[in-house]
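What follows is a set of structures to go through.
Presented sequentially are two complexes of chain A, the first with chain B as partner and the second with chain C.
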Partner chain A sequence: MLEFWLSVVLWVALAYPLGQWMHKMLDRERHYRVENWVYRLTGVKTDQSMDWKQYALAVLAFHLLGLALVYLLERTQGYLPLNPFRFAGVEPQCAFNTACSFISNTNWQAYGGETTMSWLTQMLGLTTQNFVSAATGICVMMAFARGLRATESKGLGNFWVDLTRCTLNVLLPFSLLLALLLVGQGVPQTLTQPAALATLEGQRQVIPLGPVASQVAIKQLGTNGGGFYNANSCHPLENPTPLSNFLECLAILLLPAACCHVFALTVGDRRQGWALLAAMLALFIPLCLLCIHVEMGNWEGKEVRFGEAASALWATATTAASNGSVNCMHDSLTPLGGFVTLLMMLFGEVIFGGVGCGLYGIVLCVLVAVFVAGLMVGRTPEYLGKKVETYEIKMVSLGILIMPALVLPMVGVAVVYPPAKAAVLNSGPHGFSEILYACASMGNNNGSAFAGLSANTPFYNLVGGMVMLFSRFFIIIPVLAIAGSLAAKKHVPASAGTLPTCSPLFVAWLVAVIVIIGALSFFPALGLGPLAEHLRFLK
Partner chain B sequence: MIYQRALRDSFLKLDPRKMAANPVMFVVEAGSLLTTILWLRQPADRFVLQISLWLWFTVLFANFAEAIAEGRGKAQADALRKTRQDVAAHRRRPDGSYEQVPSSGLRKGDVVRVEAGQAIPADGEILEGAASVDESAITGESAPVIRESGGDRSAVTGGTTVLSDWLVIRVEADSGSGFLDRMIAMVEGANRQKTPNELALNILLAGFTILFLLVCGSLYPQALFEGGEGISIAVLVALLVCLIPTTIGGLLSAIGIAGMDRLVQRNVMAMSGRAVEAAGDCDVLLLDKTGTITHGNRQAVEFVSDGLTVAEVARLAALASLADETPEGKSILTLAWEKFQVRVEAPEDAEFVPFSAHTRMSGVNWEGQQVRKGATDSVSKYVAEFGHQVSDRLRGAVDDIARQGGTPLLLASNGQALGVIYLKDVVKVGIRERFTRLRNMGIKTIMVTGDNPVTAAAIAAEAGVDDFLAQATPEQKLELIRNYQSGGRLVAMTGDGTNDAPALAQADVAVAMNSGTQAAREAANLIDLDSNPTKLIEIVEIGKQLLITRGALSTFSIANDVAKYFAILPAAFAVSHPELAKLNFMALANPQSAILSAVIFNALIIVALIPLALKGVGYRAVGAATLLRDHLLIYGVGGLICPFIGIKLIDLCITAIGLA
Partner chain C sequence: MVITAIRQLLLWTLVCGLLYPLLVTGLAQAMLSRQANGQVKGLVGQDFSQPGYFYSRPSATAGKPYNAAASSGTNFGPNEPKREEQTVRFGKDAPADLRYASGSGLDPHITPEAARYQAERVARERNLSVARVEELIGKHTEGPSFGVLGHARVNVVLLNAALDNRGASK
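And then the complex of A and B:
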């Protein structure tokens, strides 16, 4: 429990200075020398501010290229260097799923890392995408914030500049720091041959090594979650000590929390950052405490070196942020513990959520809250001085509908389509939860797995791959469209008739809106899965 | 009568082509049809029949709400139509003679002559003449009004009647597009356009509808998982209809129509629904001083004397004002009587000196005596001719009065300045409180006046407006509006004169007085038939009320869903997932009654809320934060709790009478 409260205090305390630093790095006029080298090398015209369509096009083009590159790399790794175990090319379906998964910041893993991917694929393909997919989330958030800040203009900033700055000045230094700390705790970072050991029983065991620390650092910081090893952060080499566990867990929510302040500083209203953070914590703290409470005494699937509380904390944090790394097996959580992790994802990954994308996700909810509350105070609703009108509401509805529109049908098909059903190992409500979890995880770009489900099957590989792509990029488009539309509007000066969007009352209303949208969409599914299982337990 | 028509209309509105405009209710109608078909295939299933019936009732109730809201307007439109009969018009030929044509044959630009007792054939501008006109047909006010060429009272409306004298009018609107026609169309709601916020809300509600379609659609296969018993289509449709926001969806258009109707009841014609909504958004009100803030004429409030007693000054002042027919003059007599019991009668050989622009004095001469009152400088000059000077005391009083924004009149008798009359622009009673309310609502008030800055400042301070524009010209008004608009504010104003037209056209919400000129009426988007400038404040409140009602009922509607889930889900899965019965907090009797109760509640709540939708949620002039708190408490928390109680009660009833 101490670990829980210490983590919460650190998240809150570190979020602001971190946010200030990120804002300083991302929202400035001058370029650093190293950035200029990148621009010269790539031929980026830094003075071009993009309108929303150009920005969205740049995002899509960049990731489409990333998708192709990762896929090719996986398929051809057998012919490429840095492949100590001589892994053959990855199967097409799995390769497609993995490429979709990593470019969409999901990091759903239908494969076992150390037994499938060469070092080159891990470093050039997956770790690189870990950086740029996380950076993209932050870029879109910045573009969105600039749209709210602008007055009667079109420009949302330059994607290439944002991407460069975010990767070079934010993600790289933090990852470097965390990687070094993890190496200090015993996480390998090497390109030497695997360790061959004699076990206590006298048998020979080969333990694969590789550039682990660097990938773990960014997978934690960039809400990616794709581990180097199949067992993710349960693996002793990925997460060796309680201290490394504490650091990795802390890293999960650090940048998403800081994003609240980055957004607020960019739009020029500091209080908004605290309000958003408060709303997130208002849901995170009670749900996490519930998870810890119900997991006490349940050791199944947990690592003894971490304990139940630290595992429950991680499980909640990793599903709240769309991180998806795990330090225990979520399939073994109690029904209510599993309910918490599911709920965190099904809120639409807005309680912290992915770096950047969690923030613009919650702002979509803010816009719904502002709209209804604005009507209730008798004014055309406005957020941060911008009127929220038909076009915005159209895009907000679209943005919010995309996730349920992907997850619900996918669940619907997965529970009756025989090949998909065959992938589930359990029956009854628990089996249902396993399917729901897989769909929720992919549909929300979380990437964690409940286990108990054979993910490397055609249905989950192909449908899941598409779902991950759509849920990531279909939301970015309406978000940027809103930014473009708001940028073109005037600022309405605040008065006594203006709805305050940073009061405790509004925060409470926002929390209610998030809960209502999330709960109303998934109450039946949650009822048939974890709730039914829990109630059955009670009998 | 209204109810009969509304009842008939609610069935006519079942036409799917009409329902399609409202996605929420369209889905309900489709659900009703589907359950009816299900029942027809198994006529023995009374449960499905009941669901189906209640779903039809849900649609009908929503239609009834809309029809009732329209009903009042339709009755009004019928009354108006009677006044819009074809009348004979006397059109001027190019040679100056007149020919008789039907009013329907008049075109814009024609010139007609209307004699006493005749109806004015079309909207127009008076070219010649002055007449008293009976406008009761449109304003409901029986007292005739004066309309005359030139000035700010030169517009006439087709359908009104000239009572005395004659008018020559230039027709300004083709037959069929006149003011009365627009008014009929508006009260009838014939081509009612959805207002921007209504449109946005409609989209959000459609979004929720799609969401719940997805939820219920995917629940069907989910219920089949692992040998589940499945879920019957009728129950699924019931769940869907309960979840989609039918309460607000069913009442949304009624709210809009009723909001416009409230304006009509206050004798305000909105040329577009957009203007009403914009009125709620306004954060700057430009108010004319005269008529809105002050009574429009100065009144004597005090006498100052030097040498004589105040009562003697009052007597002299009254003498000087005996023949003064202006409101100012009359107020001097009133003050002298009320405060000093001084009543004077004209001396026998009195010779009254009327006010002239040249002397700027008026008064009376008798038996060689002279009394004069007038502007300070004129009277100073007058006494100087007699070799006298205005005393320091009186001079001081004059300066004081001017500084307080009043108008000092010097009083002289026989060439000697003896006193000062204090004329004051009297601020209307209660106006200060209204401005305080507006400030609490976050609305800035600006007084516009032609007075000098000193006078303007004094009245502004007394009335409690936030700012003022003194010595205002039409250009300055326009400039002021543009400045506020470029700062992102929405500006509302009232106006009547032709020179107000540019500013009216520029303002976001422009209220023209019906008594005003045609130009002003064309430029405005709201017309006040009572020509009461204070009404702008009421219009703002109606605009806000309209939005609040929509927001409050939306919140209520969505908050209701929680209870409905708890009623329907355990019931729907009673067989396959008996453990979910623990979620049946309300202890509803059995699965069928649970589902039926939820559906019945969902239908009845629409009827229960029709009065609220028509009347609108009460608006109080407090800050946004307080309003939000109150409305969240009533409609949010209330919406959460109310259906738990309602569904339980209905469950008790229907199990008691054995429906389920």
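And then the complex of A and C:
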């Protein structure tokens, strides 16, 4: 339990200085020399500020090309170097799913890392997308914040500049540091042949090694979650000690928490960052305590070195943030433990959420909150000095509804389509939870799984791949559209009728809005899965 | 714009996908080569079937238990009848961590209670006193790191190796 409170205190304490530093790196006029080299090499015109459509197109073009590159790498890895186990090319459907998964910051894994992917694919394809997909979330958040800050203009900043700054100054240095700390704890980082050793009973045990630490570091920091090994951060080589576990778990929420302050500093109102962080913690802390409470004594799928509490803490954190790495098997959680992890995703990944995207996700909820509050008192809603009008609310609705509109039909089809149903491992309501979890995870770009489900099947690979793409980019587009529309507006000075968006009252209202949206969309499904199972469990 | 996108993608693929892992590898090999090459003893669990050894937890890795080349958990939910089948080796009153599989299937640890639970059998098989075996368990018990992180544990691989070494020196 002490580990839980220590983590919460560190997240809150580190978020502000880290946010300040990230803001300094991301929101500045001057370019560093290294950055200028990058711009010259890649032909970026730094003085060009993009309007929202250009920004969105740049994001889409960059990621669709990334999708093609990852897919090609997977398919051709059999002919490429750095393939010590001589894995053949990945099957087309699985390769498509994995490419969608990694470019959308989901990192859902239909494959087992150590039995499918060559080192080259893991490095060039997957590690790269871990960085740039995380960076893109932060870029879109910055564009969104600039839209709120601007007055009667169009420019939201330059995507390539944001991408470069974020990757070079934020993600790379932190990952390097964390990777080396993890190696110190025993995480392998090597490009030599895997070790085979004799066990005490004389059996041969082959232990696949590889460039593990470098990938684990960014998968934790960038809310990615795709492990080097099948068992992800349960694996003793990805997460060998309680200390490595503590550091990796800390890394899950570090940048998403800091993003609250980065956003607030960019729009020029510090209090907003604390208000958003408070709303997130107001849901995170009680749900995490519940998860820890119900998991005590449940050892199935958990590692002894972490214990039940640190496993439940991780499970809550990784689903609150759209990280998706696991240090215990979520499929084996108690019904209420599984309920917490599902709920965290189905809130729409706004309790911390992915780096950058969690923040713009929760700001969409803030806009709903000011809109509904505005309706109650009959005033045009405002947020940070901008009038929120019909167009913005339409886009907010799109951005919020796209997720349930993807997840629920996918669940519906999966429970009646025989091949999708056959993928289930556990019987009864828990089997339904496996399906719900898979759809929720892909539909929210989380990536963790109730892994009993055989996900490497055509339905989950193809439909899931599309769902991951839509849920990522069909939220980014409305978010940028709102930014473009708000950027064109004047600032209205705050008056006596303006609803302050950083008071404790508003934080409570925001939490209520998040819970109501999540509850209205998903409580029937949650009732059929984990809640029904809990009742059976009690019997 | 597409040209810029291609150039940016290639550049970051080189920087994040090649230079960064190579830099980490170089630094790790220079400063921490034992850890970086997976040479730390007892990190990955092993299967034990001889009664003179402490048993590890059940393992769901593909092919055979503790197959380090294919990590996996059972993924059984709490109501799943199959979940109880893996507990046959120990019976109902064994500590829970010994009855149920870990998430990786490669957990090298058991709880101190699970080790003490097996002490009598190991002592009998090796013609040692139970007190001597429990003393060894005590020596190999680690508390939570720094008093707060993780769980108290006994590394089965290292404990069994110590049992063997003890026999050799006798």
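In this section, the second predicted complex is superposed on the first by the 537 of 539 C-alpha atoms of A that agree within 3 Å, B and C clash if a C-alpha of one lies under 4 Å from a C-alpha of the other, contacts with A are read in each partner's own complex, and residues count from 1 in each chain.
Methods note: contacts are C-beta pairs under 8 Å (C-beta built on N, C-alpha and C of every residue); 3 or more make two chains touch, one makes a residue touch a chain.
Every value quoted in this text rests on a predicted model; they were computed, and no experiment measured them.
Novice: Which of the two partners, first being chain B and second being chain C, lies in contact with A:Pro404: first, second, both, or neither?
Specialist: Once the two structures are laid over each other on A, A:Pro404 reaches chain B alone.
Novice: Using the superposition on chain A described above, determine whether A:Arg536 touches chain B (first), chain C (second), both, or neither.
Specialist: In the superposition, A:Arg536 contacts both chain B and chain C.
Novice: Is A:Val8 touching the first partner chain B, the second partner chain C, both, or neither of them?
Specialist: neither
Novice: Please work out whether A:Ser427 is in contact with chain B alone, chain C alone, both, or neither, and reply first, second, both or neither.
Specialist: A:Ser427 sits against chain B and chain C alike.
Novice: State whether A:Val368 touches chain B only (first), chain C only (second), both chains, or neither.
Specialist: The first partner, chain B, only.
Novice: Looking only at contacts as defined up top, I'd like to know whether chain B or chain C touches more of chain A.
Specialist: Touched residues of chain A are more numerous for C.
Novice: After superposition on the shared chain, which partner residues are touched by A:Pro211: those of chain B (first), chain C (second), both, or neither?
Specialist: second
Novice: Give one of first, second, both or neither to describe whether A:Val38 is in contact with chain B, with chain C, with both, or with none.
Specialist: second
Novice: Would you sort A:Met123 into first (chain B), second (chain C), both or neither based on which partner it touches?
Specialist: Second partner only.
Novice: If I apply the document's touch criterion, which positions on chain A are contacted by chain B in one structure and by chain C in the other?
Specialist: On chain A, the overlap between the chain B and chain C contacts is residues 427-428, 536.
Novice: Please name which positions on chain A make contact with chain C in the complex.
Specialist: 2-3, 6, 38, 41-44, 54, 57-58, 61-62, 65-66, 69, 112, 114-115, 123-125, 127-128, 130-132, 160, 163-164, 167-168, 172, 175-176, 179-180, 183-192, 195, 199-201, 203, 205-209, 211, 213-215, 217-218, 229-231, 234-237, 240-243, 245-246, 297-308, 310, 326-329, 331-335, 338, 425-428, 430, 433, 450-452, 533, 536-537
Novice: Which chain C residues qualify as touching chain A in the complex?
Specialist: 1-9, 11-13, 15-18, 20-21, 23-25, 27-29, 31-32, 35-40, 43-50, 53, 57, 62, 66-81, 83, 96-97, 99-111, 144-146, 148-151, 153, 157, 160-161, 164
Novice: Over in the complex, which chain B residues touch chain A? Could you list them?
Specialist: It comes out as residues 196-197, 199-201, 203-204, 206-207, 210-212, 214-215, 217-226, 228, 243, 277, 280-281, 283, 439-444, 486-489, 543-545, 547-548, 550-552, 554-555, 558-559, 561-562, 565, 569, 573, 577, 579-580, 582-583, 619, 623-625, 627-629, 631-632, 635-636.
Novice: Of all residues in chain A, which touch chain B in the complex?
Specialist: 368, 371-380, 385, 388-390, 392-394, 396-398, 400-401, 404-405, 408-409, 411-413, 415-416, 421, 427-429, 431-432, 435, 490-493, 495-500, 503, 505-506, 509, 512, 516, 519-525, 527-528, 531-532, 535-536, 538-539
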